[in-house]
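First chain written, first letter: the chains are A, B, C and D, and each begins at residue 1.
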Amino acid sequence: MQLESMYQEIILDHYRDPHGRGLREPYEGESYQVNPTCGDEVTLRVHLDGDVVQDVSYEGLGCSISQASQSVLHDLVRGKTLEQTLAIGADFLTLIQSKGDQAVADSLEESLDDAVAFVGVGKYPARIKCALLGWMALKDALGQARIIQSGGHHG
Amino acid sequence: MSLAVDFDVETIRKDFPILERRLADDRPLVYLDSANTSQKPRQVLDTLRDHYEQHNANVARAVHQLGEEATAAFEAARDKLAAFVKAPSRDEIIFTRGVTEGLNLVANVLAWADPPYRVGPGDEVVITEMEHHSNIVPWQLLTQRTGATLRWLGITDDGRLDLSNLDDVITERTKVVSLVHVSNMLGTINPVAEIARRAHEVGALVVLDAAQAVPQLPYDVTATGADLLGFTGHKMLGPTGIGVLWGRRDLLAALPPFHGGGEMIEDVRMERSTYAPPPHRFEAGTPPIAQAIGLGAAADYLSALGMDAVAAHEREITAYALERLQAIPDVKIIGPTTVQDRGGAISFTFGSLHPHDIGQVLDSYGIAVRGGHHCAKPVHRRFGVPASTRASGYLYTTRAEIDALADGLEQVRRFFGLR
Amino acid sequence: MSLAVDFDVETIRKDFPILERRLADDRPLVYLDSANTSQKPRQVLDTLRDHYEQHNANVARAVHQLGEEATAAFEAARDKLAAFVKAPSRDEIIFTRGVTEGLNLVANVLAWADPPYRVGPGDEVVITEMEHHSNIVPWQLLTQRTGATLRWLGITDDGRLDLSNLDDVITERTKVVSLVHVSNMLGTINPVAEIARRAHEVGALVVLDAAQAVPQLPYDVTATGADLLGFTGHKMLGPTGIGVLWGRRDLLAALPPFHGGGEMIEDVRMERSTYAPPPHRFEAGTPPIAQAIGLGAAADYLSALGMDAVAAHEREITAYALERLQAIPDVKIIGPTTVQDRGGAISFTFGSLHPHDIGQVLDSYGIAVRGGHHCAKPVHRRFGVPASTRASGYLYTTRAEIDALADGLEQVRRFFGLR
Amino acid sequence: MQLESMYQEIILDHYRDPHGRGLREPYEGESYQVNPTCGDEVTLRVHLDGDVVQDVSYEGLGCSISQASQSVLHDLVRGKTLEQTLAIGADFLTLIQSKGDQAVADSLEESLDDAVAFVGVGKYPARIKCALLGWMALKDALGQARIIQSGGHHG
């Protein structure tokens, strides 16, 4: 049945039992993102230690896909370097925009791990934004954090 | 309902080609998103095609045969729409793209109007918390740009307008009261004549968003008490890209133009122009010709069935849906729970499940509902939910489709293991 | 023209059902009013019908299958139109009702924009005497309402823009220069890039009315030098009720909304709202969904033929018509008399006969032309005539139809005993 | 042939050789009317002597139908009382709005005389305004003249 191609078991698991939820201190970057179509929203914080993403904390309202995607995001980027994090984000975007191409998913398994389960979402254009909401917030929050950091370096 | 004798849903459904559509997994379509947009009968589609294939030309401009035919058909559509809402004069029917444009037209020209209609600093505009964005944002823009103040009526817990402070909100400072006749989210039918009475007492204009009302109810614009009133073609079996703004003739005649260009003029010189009388003053540029003609065919279709019968069917199917939905554990209806003063849109929550997830599972069974804020974020905020699921039927909706929705919701529960 | 190899008018005509229409007295239709509105090929009509019968739903709102299909088709139409005019980004394509709405959109938001775009007291807007009313009246309304000043470029005796005082008219005070790319009355193709250069020198925005240009010429928005540019679907084989406003992405992002409501928002609270990025910021309410999809099919049709071939055919048929008409005694063409920098509309006078009378007699032979001021009164005044007769062909127009026009004019002469 | 049903010989005669054209003094009422669709225009003056229309003078631009209709108007109402003039105007309107009904034309022959030739115009909606332009101006000019007259009576 079609439905399972979007709602893979891993996604439902993350949805029912999200990892790392809640907003935590300290943080260097914070972003609020909203999906105008459905009103879903997320607030996401990043805590950097030098070049390393020490924590991603988040809170918000949304569907299973957006909630699970944020949980997966948390797992994937914690402990990664900035550069690795941005690369993972780019890979996730590629996955979601692949229109559900399993070959693309397979090729990204090393980078994305569990998150390749989201490949099916790409077949549902209306849900793509749900899967990306947290990742947009991450990119935005990282941008802020780097400005603060570079400000720190210069000052 | 004696009126519904000729109203046979199965016969009606045969007029709607899309209802034969098979979706993924060869499922039949169960279309319960009619408050969003209605489906179109072949009578409307045939009219469109015939116009383009036989009579297509620009209107009010050409002396050739096609031009005369197109103009006659376009102006006949104006007559049909005037009759459909019992407008005292055909010149009170302005064709717009839809109700959103109609409401923006009103909000814009009131900034430029001569007294007593002009909205300026110190004036107040009153709306309600129950409005569609299309009846909120234009007034925010108007009041921000003119220095006027926006005020609003609230909503009671059971989804009715809170009129307890009506006389405090609508005061001598009020220039305009604009509200929805039938809510697209709560389903509520508002007591518009009562509110219009208060508004007129203080000399305010009354504007109605009748987007959900005209498709569902026998309509008489003067009985509403409104001075101006908009509705939209695509929700009443008509094409997209067409709507109507009705306004009292003397009022329209006193208002300045909205957009400039095309046939809205009397004379144009480089220095200045003079303008045609209504309705043409407000119809700049080539109008949506084929769409107006198609909407005329939609009005014919509805009139042939009888709007009393259409309304009776809507009530019956809504009552059945309210009953079935309320019987499902964890379903909570937002808005009136009986058909008393209630239209056909039913919004609800289902446990803690998100409307996207509910809609996605229903969709896998061919059931089309809307999930989200339905362009009515303030109402959702009022009820403390970010979004809801909405089911809305129309004249082609059957009890079996409501049953499919109820069964579908049980599948949703199973799929997500609703706790 | 090597490009025209695949361009066979007789084959093309088979795609246009209306061209088989028999008029009164069983006369075949000779449609020479395409600058007013074009006819529609069955490919466009089939697309419309298929959309309504198989995929109809509202867009950007629903997670169900029909909603996804309708949204995908609507957004694909945006891609097609972006490609058709070589827009650097799909987000630069705003769907409007037509060019009139597009021009009014621009004129309105410039009243509300932040600096440097806002038009206010002391600022100047420059247009030309050659404009369609749709590119005059919006700027009159803007300048009247904001205290700005309207100025314009004149026309030479042979129907070209008079650029001799360009640097005096476009000055440091100029905020906007808005002009027609191809005149709907004179046929003139204006040197828009040259004028845009001067406008940009003084920091003014350049707006183009491309209503007659996009249907006839291979188009590249960035090559025109325009900052904003509008065109209309019904003149390029598309449905009525749809048009496009193109604008530079960074400029659109800096402009405030036009109308409020529907999907143009990011968040709505009763107190205030925030807005979506372009293009949605400028598309309030349910858009003309089916019409946009139909226009996409029209763009496909034109692209398949090749706009170079379409333009070559237009030039060829225009050259032939200019030659035939000029050979008729008492016919006087208003505007350029050769195809050099010239589009397909040919306006003329015929002795002292009134265009209504000319058109009526031609119509009795099945020949459809336009008679009147063609929504361009100032040009007519400039040439000292109250009205003119206009013949305009398109990709389906044959030499035989031009012959029919020339023969028809001789019948007009006989009928009225032209002295 | 269709065309002759509109352009009856009488109409063409009036068009080629209009009666009473030109603006004359004295006059008590004047009206300027324009047809926005085609730009045709007329300026028309009435000169009343007591209750009687002494003269109708006019000038303007327009097609054969509008020109002939003004010429016919001049012939019909000169020397008529105000009341008769308004009745003739009403009959002309009835004729034009009859959609080309010859029976209507026959019934109005006594009142309209030559002007019944305009019956064919009623079949062409786009031309109806042409035929009525002068008559609209007449009605307007008469209204003005009566205000002046009644002002005179009172003053």
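Quick note on the criterion: a residue touches a chain if its C-beta (ideal position, glycine included) is under 8 Å from a C-beta of that chain, and two chains touch if they have at least 3 such contacts.
Predicted model only: the values in this text are computed from it and were never measured.
Shared contact partners of chain A and chain B are C. Set side by side, the interfaces C-D and B-D show unequal numbers of C-beta pairs in contact, with more at C-D.
Mean C-alpha positions place chain C and chain D at a centre distance of 38 Å. Averaged C-alpha coordinates give centres for chain A and chain C that are 45 Å from one another.
Each chain gets a centre from the mean of its Cα atoms; for chain A and chain D, those two points are 78 Å apart.
Within chain C, the positions touching two or more other chains are listed as 24, 61-63, 67, 263, 265, 267, 356, 360, 371-372, 377. Residue positions of chain D with contacts to 2 or more other chains are 37, 124, 127.
Chain pairs that touch one another: A-B, A-C, B-C, B-D, C-D.
Taken in their complex, chain A has these residues touching chain C: 34, 36-37, 124-127.
Chain C makes touch with chain A in their complex at residues 60-63, 67-68, 71-72, 263, 265-267, 276. Contacts from chain C toward chain B in the complex involve residues 17-18, 21, 23-24, 29, 31, 33, 36-37, 39-40, 45, 48-49, 52-58, 61-67, 97-101, 103-104, 107-108, 112, 129, 132-141, 144-145, 150, 152, 232, 234, 239-242, 257, 259-265, 267-270, 272-273, 284-291, 356, 359-360, 362-363, 366-372, 375, 377-378, 381. Across the interface of their complex, chain B is touched by residues 1-3, 6-7, 12, 16, 37-41, 61-65, 124, 127, 130 of chain A. Within the complex formed with chain D, the chain C residues making contact are 24-25, 354-357, 360-361, 364, 371-373, 377, 380, 386-387, 415-417.
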